[in-house]
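Structure incoming, see below.
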Amino acid sequence: MNWLRKHLVLILGLLVLVYTFIPIFVVVLMSFNDPASRLIYRFDGFTLHNWLNPCEDPAMCSALGRSVEIGLLATAGSTILGTLAAFALVRHDFRGRSTANLLIFLPMAAPEIVMGSSLLALFVGAGFAGQLGFWTILIAHIMFCLSFVVVTVRSRLAGMDDNLEQAAMDLYATPRQTFWKVTFPLVFPGILGAALLSFSLSFDDFIVTNLNAGQTTTFPMYVWGVAQRGVPMQVNVVGTMMFVISIVIVVGGELNSRRRARALA
Amino acid sequence: MASAAGTAPLADVDMSTVSGRKRGKTGYLLLLPAAIWLGVFFVIPFYSLVATSLFDPSGSDSRGYDMTYHVANYWHVFQDYRGPLLRSLWYGAIATAFCLVLGYVLAYAIAFKAGRWKNLMLVLVIAPFFTSFLVRTLSWKLILADDGFVVNTLQAVHVLGSDGRLLATPVAVVAGLTYNFLPFMVLPLFASIDKIDHRLIEAASDLYANPIKGFFKVTWPLSLPGVVSGTLLTFIPAAGDYINAQLLGSPNQRMVGSVIQSLFTDANNYPAAGALSMILMIIIVAMVLVYVRRAGTEELL
Amino acid sequence: MSQVAEDTSSGADALADPSSYDGLALRQLTKHFGAFHAVRDLDLDVPRGSFFALLGPSGCGKTTTLRMVAGLETPSSGSITLAGNDITYAKPYQRPVNTVFQSYALFPHLDIYENVAFGLRRRKKSDVDTQVREMLELVELSSQARKKPAQLSGGQQQRVALARALINSPEVLLLDEPLGALDLKLRRSMQIEIKRIQTEVGRTFIHVTHDQEEAMTMADTVAVMNAGIIEQMGAPAELYENPRSTFVANFLGQSNLIEGTVTSRDADLVSVDMHGIPVSVPAGRAHAPGDKGWVGIRPEKVLIGSEGEALDAPGHTIPGGVVSDVSFVGVSTQYLVRMPWGQELQVFSQNTGRTRIFATGDKVELSWRPEYAFLLDAAQDASAGAQRVDTDG
């Protein structure tokens, strides 16, 4: 009884954590589901069919491909623009820095429906109503990923000891060498993390995308579409794969740094 | 900066600002691409939205819109869709409250009770959310299904009536919202709670405060910045979300987000959609300002 | 070692001609940040191959001066010349000067070997491996070559920082309070270590510190800096025994400063009326231009005895003291003695066993040899440079 009281908070915390995983179990489980009916979402029987024929519905795979394409390009764009901006905000002094900080912050706090609406209003107002699609989606994604990249890289950069760059110059490194040999390697984990974050934000986005997609379909849009008509179980295969890949990346990164640390101990 | 001996100082190695930051044009240049992108695709669209909301509603997609400063749009749309609007704010608030309770427990547990598992637990908090938002929400459809485990149990303990259901009720929608926005609450809370010096709590108990009093007098006030940013980061997207309502609720639980979406896409009623969007945004901004001022903290992130 | 300080005839030593001087010459060096002047018209000659200490309290401008020599700050005006070359505006990576930073600034993503090799690699030197291994041996860290800085202790990191700078054979090695983060015992052993390395390597070391004991232990020459200017410069013993300002008198060790009026001056001696008691100060130790001055005497030079007792060294006898505090410190007993004019004087009496230990309330007489006294300008603040009793070093 006393043990329970002492560890009450921890147990409650773990329960909450378990709660967050329940739907994941369901997703994984359903990926092996052999549905009796397409319309009723229920576990009927076990099968590997879904895993062996992931592209049974070609529309899903094409939507998936679209999402990956947009994700990669949006990641590239937002990571580059965001990293440059982060350097500007941390390392440089100029008028309007606080306004810039505010501007960076706003997209993170704005409701997606409002951001999506206003972008649509812009595109339509500028006469691109008929050309909504891949490029408008990409533009939108880079826009809202930017802020997250800036914040992530900025915190990594700000946490860097600035004596290090001075030490490098003291040791005969030119500004260029200082950047590539000292600054960049130390900021890189932040940039990488920002890129991963960016990709997952882009891949998973629905509301803004839906408003600005025209005829194009991304994976979240596909799922939305089939939710009413009957969901193919392969959707859960994709969900499971996303989860597994993310876990592998995160855990792999953690193990890698631990292994390197231990090898030198 | 005159010098007694020879050549002029070179600007790029001049680190003589007291703050250590470099002065000069490079800062502007580095920031420019991002600033332009946000300027064009975030700031300007805002004006487009304002403009759209003031268009003459008798225009259309194909014929174009006339700008007639038709402020009546706002009033009309508010009357027509007052229900979904208020519902969104209400559901968002309830979901935020639940998130606060659950999130606080989790954040507290990780910050203070996790010891060497801290990093692992943080990863575990975020991990489920690497799956697609929609796919996860569909899972809730299964979990809360009419003859599923949860509903049957609740019926057995008479919390639910014998023909009661969870899906297509507000309960399911709020449950979905709470679930999906939990990390937005946990992470800022954790960041704030983690910074609290544990010795302060020890000092409180040394000064005769029991654990509950100690919590309210020491921990809670010190975690307030995290609470403020967590609640904001949760409420704002939750109020605008309509995925949960659509997948887990019935048309009776229609949220303003889906109204705006359909006004744009199905009804092609751009002025109305714009006006409704603006109303939502104004309400949220007003609430945020009042809230932040009352909470007294200016640091949001 | 002679107890009596040498008679230095002039206040400021003559400065060398920078263009032909083989050491480091700073001329009229000034640095201001907006309205705040960190360094003011600094003139300094650092002899080649010497161990030079720049000593002063925090905020006095010593670190700023060091950074200007390193090239990490640009002077507002003035010049820096090294072995005849003007390096005032040269970039840090163009100067034959290396720095050991206070926070060590070791590159966390590189191992020790690569940290030490960094400077050689940037200058594209061949034979990197041999040199790095030799240097690691010099600082006794050969076995840690492949570890990362985070895995080493504070003392080890300090040695890596030293090795990393030294391996480049700089004309001048700058040390910015490198021992500040170490505990006392480690600090002492590192002081000896660094001094040994400097003697072995024979290069100019400039050591910035606020610890006067450290400066006096390690350096051949010490410059005491205060509020952007150099108060006094010279060998540690000279600075200690013959301070020229109240700041130096109080900053190095402790001093008793007693008001006095100059009654006469001649070639060898200055006579002073100190609260009615006539004392004298050798002319070479008198640095008060006017009629009034502070008579200075170090507490360890003051002898204490009972009233009327014949004191060990005949000198000035100052009667009428009452012991107001006694601290037994093991090696010595430290007294505070209240004098008839109200001032409390400090007396450090070595516990040789031959003299008795006084108690609070005892009536005593003080005495000191005139050749140990010094006279300072009355216009200066008698508490300038004094540090709190509870700081160690």
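Here the chain labels run A, B and C in written order, and each chain numbers its own residues starting at 1.
By our rule, a residue touches a chain if its C-beta (ideal position, glycine included) is under 8 Å from a C-beta of that chain, and two chains touch if they have at least 3 such contacts.
All values reported here derive from a predicted model rather than from experimental measurement.
Looking at A-B and A-C, the interface holding more C-beta pairs in contact is that of A-B. Greatest Cα centroid separation from chain A: this falls to C. We define each chain's centre as the mean of its Cα atoms; on that basis chain B and chain C are separated by 59 Å.
Work out the mean CA point of chain A and of chain B, and you get 16 Å between them. Distance from the chain A centre to the chain C centre is 57 Å, each centre being the mean of its Cα atoms. Residue numbers of chain C whose C-beta contacts span two or more other chains: 71-72, 91-92. Residue positions 166, 169 of chain A are each in touch with at least two other chains. Shared interface positions of chain B, defined as residues touching 2 or more other chains, are 13, 15.
On the side of chain C, the complex with chain A involves touching residues 70-72, 91-93, 97-99, 101, 103, 105, 107-109, 111, 118-119, 122-123, 146-148, 151, 164-165, 168. Across the complex, chain B is touched by residues 7, 9-10, 12-14, 16-17, 19-24, 26-27, 30, 41-43, 80-82, 84-85, 87-89, 91-94, 97, 100, 103-115, 117-122, 124-125, 129, 139-140, 142-143, 146-147, 150-151, 162, 166, 169, 175, 200, 203-204, 206-207, 210-211, 219-220, 223-224, 227, 231, 235-236, 238-240, 242-243, 245-247, 250-251, 254 of chain A.
Against chain A, in their complex, chain B makes its touches with residues 12-13, 15, 17, 19-24, 26-31, 33-35, 37-39, 41-46, 48-49, 51-52, 61, 102-103, 105-106, 108-110, 112-114, 119, 121, 123-125, 127-143, 145, 148, 179, 182, 232-233, 236-237, 239-243, 246-247, 256-257, 260-261, 264-265, 270, 273-274, 277, 280-281, 284, 288, 300-301.
On the side of chain A, the complex with chain C involves touching residues 161, 163-164, 166-174, 177, 181-182, 185-186, 261, 264-265.
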